[in-house]
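These notes open a run of structures that come right after.
Paired with chain B in one complex and with chain C in the other, chain A is shared by the two complexes that follow.
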Partner chain A sequence: MSTVDTVERIGLDRRLWRGVIAVAAVLLIAYPLLSDDLFYQNMIILSLVLAVGAVGLNIIMGYAGYISLGQSAFIGLGAYTVGIATTRIGGDPFVWVPLAGLVAAAFAALLGVIAMRTRGFAFVIITIAALFILQIVAINWDSLTQGTSGITLPLPRWDISIQNWPFYYTLIALLGASLLLSWWIRRTKIGTGLLAIREDEDKAATIGIDTPVYKIIGFMASAVFLGMAGGVYGYYIAFIDPTAMFDIVISVQIILAVILGGRGTLWGPVLGAATIEPLNELANQQFGGGNSRLLIFGGLLTLTILLLPKGIIPSVRDLLERRTKRGRAALVGGRLGERRALNGRPATATGGTGRNLLEVKGLHKHFEGVRALDGCSFAVEEGTITGLIGPNGSGKTTAFNLIGGTMRADAGEVWFDGRRIDRLSPWRRAYAGLGRTFQITRVFTDMTVLENVVAPLRSFSWRQLRAGAVSGEEAARAEELLAFAGMAEYRDERAEALSFGQRKLVELAQVLMLDPKLILLDEPAGGINPTLIARIAEMIRELNAQGKTFLIVEHNMPLVLGLCEPVLVLASGECISTGTPDEIQRDQQVLDAYLGADFQLEEPVAAP
Partner chain B sequence: MSTMLRLDGVVAGYGAGDVLQGVDLTVDGGSVTCIVGPNGAGKSTVLRAISGLLRPSNGAIVYQEQEIHRRAPDEILELGVTQVPQSDALFANLSVRENVLMGAYIARRDRKLVERRYAEVSELFPLVGERSDERAGNLSGGQRRSVEFARSLMLDPSLVMLDEPSVGLDPKALKVVAAAMKRMVEAGKTLLLVEQNVRFGLRMSTHGVVMESGRVLMHDRADAVLNNPEMTDLFFGGTPTKAPPPTAARA
Partner chain C sequence: MTEFIQATAFGLLIGGVYALFASGLTLIFGVMKVINIAHGALLILGAFLAFTLWEQFGLDPLASILITAPAMFVLGLALYVAMIGPLRSAPLSSTVLLTFGLALVIEAVMGLVWGNNSRSARPSYFDQSFDLSGIVLPKAQVYASIVAILVLALLWLFLNRTWTGRAIRAASANVQGAALVGVNIARVSALTFAVGLATVGAAGSMVSVLYPFLPGSHYIWIARVLSIIVLGGLGSLQGAVLGAMLLGLAEVYTQTYISTAWATAVPYVLIFVVLFFRPQGLMGTRLREDVAV
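Right, the complex of A and B next:
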């Protein structure tokens, strides 16, 4: 969610916000012309390096949720690239700055290929390790880096009266470029993909987002301008050595700047950097640097997390939102909107075509001694609404996870539409025409309803990555699907503000964006009110009439028996019975395992 | 029956607007009251406001003649109000016994009391005694819910609040849970529950409350709510009369 949008949405004049930024930018640009105080010029130059790092880190940490503690590695790589190229090949150090960006991005891609297989803490550790490895290489590869004695760069040749202007303005340009890149990414499919990864990486994969590619692009974007800034910084201090260039404290400061200003916002990292660098100088000047810096930044990090866990900009935004929404009814209480029929293929007679769309053969999956699936085999006929029932813990959700690709089976095969898919990634299965929803809804709460629905991708292409997040035919299709779910009036609301039932409808519209052949629904009626259950049943019937095949896990027996045919019964990880609803209700095995001997069907909750 | 709990014009929300917009509600001692209504009506929010997890911005909540809407959750717990949350909240890797004892956490210093309560709770829920050393994660859905109920009784509360006790349970487990709820009522507990499974919830209850958009629309005896045609039309789906299910017609 970009801050500009939000500020506007909560009623503040957008021009005011733009005005504040314009004034700050003019002051920043004019400063060296108005004052020749080198102390402050130095402070601003260091703030700018930090800001470029923070804006970059925000792409991978704020948008995608991956914290890198190795960002100063890119400063070091950039500085060494400029230093080595200038001393070996010659020329003005500024000429080599673009190369510094390329080297940093290339290293980020390489590191990304390794590190992006991991998540959470493992990723943090790998980025720290990379930083230390680079430092060790810089110390020991004497012939290239001159080891601990470092590289000394020639002093600038321009007139002394120009002071540090070239450094100053190059860094301002780099900050501008970083902001532009960050702004652009947030508005394209890459940005939506990164946000989806932050909120729920498994879910992102099931709606067709090729997660490794997105993360590597994000990581490269976080490195490229920081590498260039590192090159400028190296030239500015004119001395490049392993300790100062691969300094983990700078990595920590970059992270702190992002957290303090506000993760995931465009301007937050800049604000954070502008706050932290002056504190850094204060620590160096007043308290002798060194350990006092650690104390100040440790303390500041603790205070931020305690008092402003979301950072400055989001906290202010929440405060304003609270003020404007006080006394107004929350969205969650709204009644369901009118539903519109879906355009598309004309409804034809329902019923199976005789061809198996999905076939599961002998699936096994064990979790620490528990056999969740133990040789499970079943098939789903094209054109049917097939029910999948079974006691809690009988392996229904595990079967879904194996079919959708969120988990890998220990043994067994999954065939879909004539292809074996059990070795494919979740996104490839989505491209093949497999869509699923989750038991507990997993919409992306920080995106708007419309952004949620356009997030799924039906195929992968590089060109598509650059497309606007909400644009073209897809946006029109998404609006149509929202109208189909009766959620059109909520399109611009954040999904966070919706009730559980409203989220279920959004999730259904979302999975329909994939235009799947087979839709797996995990407890579509769980935790929602009967009127809404009836609506969802109605939607399933309409979609089925248009040719969609369904496999539905559900405990609501009136719904299952009224909607599904055939019904599959799972118990202890095996499929113990298949049949029409009538047959299932009379099957002694099913009565024993699942329904209970005294089972009686209540009146249908979801009568058409 | 005397009034045990009273909500007067309670307004509350989470920042993005008010979810509760003036809720008036009474719960009689010894009754079983079930709140139903569409998703987002504010049912779970009512429970959060009563248990002190969410502070109302307006209105009052009075429990046994004491105002509780400005009290901290642990004080409200000590007064005798407990809540069983919606999601499966057992510690899967702890034993059944350890999980149940967790319910007496704020009374943990009085070992004798805790032991006595544990014995009482085991008597009410024999499962707790029989499988005390079993890992909670190994129990079935209905059994897990029963252990959660047992845990909520460790402080000997007067009012037990259940947030969607039926959610995600298979038909057999639902029967186990229904039996467990009956046992709690027989032990003299007052129950306040929120249910999406309207028929299950109202059949278990003496009183029914219908909420929509943060307000109470109807408060009556449970069977009167269940058979109210208007409510059925709006929220319960289908018709109140027992229409034969489509499958039964074929059977």
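Right, the complex of A and C next:
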């Protein structure tokens, strides 16, 4: 959640907030003009480097949830780029600062490509490894880096009366640029995509988010300005050596700044950096650096995680939110809203068109010894509401995962709309017109209901990444879908606050945003009350009448038999029968495999 | 050829010590899903303990595991109660950062107590070697590897032949399921963490005689343990042993055939290569992701 949004939402005066920031910015810019105290100038310069790092790290760690323990690698890369270019090629070191940014971004892209197929902790490992391997390279590649003896840069040639102003103002400009980038990313599709990845990466992929591209962009964005700041920092220090430039403690300080200030917020990292750097000075000046520096920052990291895991800004925000919300009845938990029909293509007669929209041929999937799917074949005819039933463990959800692309099959083919899709990534399948919901709902709990519904993407384009997160036409469509689900009133609630049933409705609206040809529903009636089941059945019929095809996994037999035709039956990883509900009920093979010999069927639910 | 056999034998011996070192981490991950970044720092702490016992009381570093392992076991219980336990159900990212902070604190404390000079315990057999028809193996390395394999065997017996060990394995396979059948998860987690630290304490005793070490040495050990788990997959003892052997061989071959300076880069290069070509690790299997909400 961006702080600016939330502050606004809880009614704190936005002008006051902006005023505080403006005053702080003016003071920062005016400081060297007002005071010639080099001690504090130095401290601000170092805080600025840290702040640029923290604002950047926040993009990949705060928005996308990927922790990098190796951010100081970009400082080192930037510094070495400037150092090597200046001593080899010549010119003013500042000329090479943009190159430092490019090198850092390129390295981030390279790491991103390596990390692309991994999740969670693997990224942490890769970033630590990157930091240390760069250090080893800097130590061992003597001819380029002059090894442990380091590179000494010429002292600045400008007039002594302007002190360190060029460093100071360049870093302020870099901080401004970082903040602008962070703010811009948060309010575009990239930002929504990154948040979606943080919350649930597999789910994000199924709604059309090309997760590797997003992660790589996010990581490059977190590196580019830090690389430049590293270049300026190297010139400022005037001595570039492997230990000081690839310093893991600086990585820790950058992480601490993000966590302490508040990850995911725009200004938190800046606040954190301004808090951390004075401590660094204290450790170096008063306690002789070294061990006490480690002790202070290691201890602070541990304590922050244990005692203030959310950070300063979100904690203050929660406190204020609790105060303003006290005594107000919650919207959630209330009755379901009125449902509105969807404006779409005119309703046509239900029933199949005779063409197979989805075809599954001989799918196999093993989990170690367990054969979840064992040569499963079936087809879904366009225009139908096809039911997929079978006893627990018969492979229904696995079939869904293979069709949707969350998992890869060991063998077999999946054809959709005339194309073979079993080698495509989940997002490409989403672009092709395949949408799915999950057995246990997977909405993005930290986003609002509206943000959830606009998150899906129907195609990938670079231009689209720049589009606003919630733009006009899309927002209108999303609101229409929410009204269709009867969830319009909950538009601005955080999805976290919704009940399980409400989440199902939001997830359905979310999938509809993809405008899919085929919708896979995994137990739409599981765990919700009969009223809601009837509503979901009604929505499915309406959508089907407008031409959407459905494949529904469901255990609620009255619902399946009343809603679906045909019905497919899975048992032991194979499709053992297909037919109308009547035929299925009379099929002895099905009764044996699934219902059991003594099963008494209830009346199917009547059409509403 | 002799050079190759020599390198291979040496690599496997080193791998034995690495395996013991990594076993604690993979055990802890199995039950708690916590990646203990402080594992390297705790190893060096164990080494400092063994070094002090040797220097002050003349205790043999390999025999000192009888003290370092129990001492680290107690430290493990204390750390669990103070910080790991409260975050047991927190996301992986929180515990990674927590244990990373802990690693820095331990590094600082070791620096304050023992200073930042390189140390190593030098018992009488320190610079002696076995000579098997041209293949020279340092005695310390051979003894250490034998002890490491014995400790690993004990750990394996504990996990497979005792009720407590079975409870740990049950919790590792399925925490909720284990809780349902009466395993006290909090207690098993505390015990696992403590046992994990005891093994790293034992490994520390061996490191004290095998390598010169200082507080800052723990970073290379973090790198080693991370590359071992990347190679072997997380959570299984067999995987840790395999990963450790591979890393030991890779390091020694690099030292022998390329250069000693670049041998330090081996764990990092392995991490990049394995994660790029086989993100799930060499032995890891992809698990169902749809049910893990």
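Simple rule for what comes next: the second predicted complex is superposed on the first by the 598 of 608 C-alpha atoms of A that agree within 3 Å, B and C clash if a C-alpha of one lies under 4 Å from a C-alpha of the other, contacts with A are read in each partner's own complex, and residues count from 1 in each chain.
Following the convention adopted for this analysis, a contact is a pair of C-beta atoms (placed from the backbone, for glycine too) under 8 Å apart; a residue touches a chain by one contact, two chains touch by 3 or more.
The shown structure was predicted, so the numbers you read here are calculated from the model rather than taken from an experiment.
Chemist: Is A:Asp202 touching anything from chain B or chain C once the two structures are fitted on A? First, second, both or neither.
Modeler: A:Asp202 contacts chain C only, not chain B.
Chemist: Once the shared chain is lined up, is A:Phe121 touching chain B (first), chain C (second), both, or neither of them?
Modeler: second
Chemist: What is the contact status of A:Asn140 with respect to chain B (first) and chain C (second): first, second, both, or neither?
Modeler: second
Chemist: What is the contact status of A:Leu16 with respect to chain B (first) and chain C (second): first, second, both, or neither?
Modeler: In the superposed model, A:Leu16 contacts neither chain B nor chain C.
Chemist: Looking at A:Ala476, would you say it contacts chain B, chain C, both, or neither? Reply first, second, both or neither.
Modeler: Touch status of A:Ala476: no partner.
Chemist: Could you tell me if A:Asp318 is touching chain B, chain C, both of them or neither one (first, second, both, neither)?
Modeler: Only chain B; A:Asp318 stays clear of chain C.
Chemist: If we overlay the two complexes on their shared chain A, which of chain B and chain C does A:Gln439 touch? Say first, second, both or neither.
Modeler: In the superposition, A:Gln439 contacts both chain B and chain C.
Chemist: Which partner chains sit in contact with A:Ala534 here, chain B, chain C, both or neither? Use first/second/both/neither.
Modeler: So A:Ala534 only meets chain B here.
Chemist: Do chain B and chain C land on any of the same chain A residues, and which?
Modeler: Residues common to the chain A contacts of chain C and of chain B are 439, listed in rising order.
Chemist: Show me the residue ranges of chain A that touch chain C in the complex, using the header's touch definition.
Modeler: 65, 67, 69, 113-115, 117-118, 120-122, 124-126, 128-130, 132-133, 136-137, 139-140, 202, 248-249, 252, 255, 259, 290-295, 297-303, 305-306, 309, 367-368, 397-398, 401, 406-407, 438-440, 442
Chemist: Help me check something: in the complex, which residues belonging to chain B touch chain A?
Modeler: 13-19, 21, 36-42, 57, 86, 140-142, 164, 167-173, 175, 196-199, 212-214, 234-239, 242-243, 245-248, 250-251
Chemist: With touch defined as at the start, can you tell me which chain C residues reach chain A in the complex?
Modeler: It comes out as residues 35, 83, 86-87, 90, 92-94, 96-98, 100-109, 111-112, 116, 215, 219, 222-223, 226-227, 230, 261-262, 264-265, 267-269, 271-272, 275-276, 279, 285-291, 293.
Chemist: Where on chain A does chain B make contact in their complex?
Modeler: Interface residues on chain A, with respect to chain B: 318, 321-322, 325-336, 389-393, 439, 496-502, 523, 526-534, 555-558, 561-562, 581-582, 585, 594-596, 599, 601-607.
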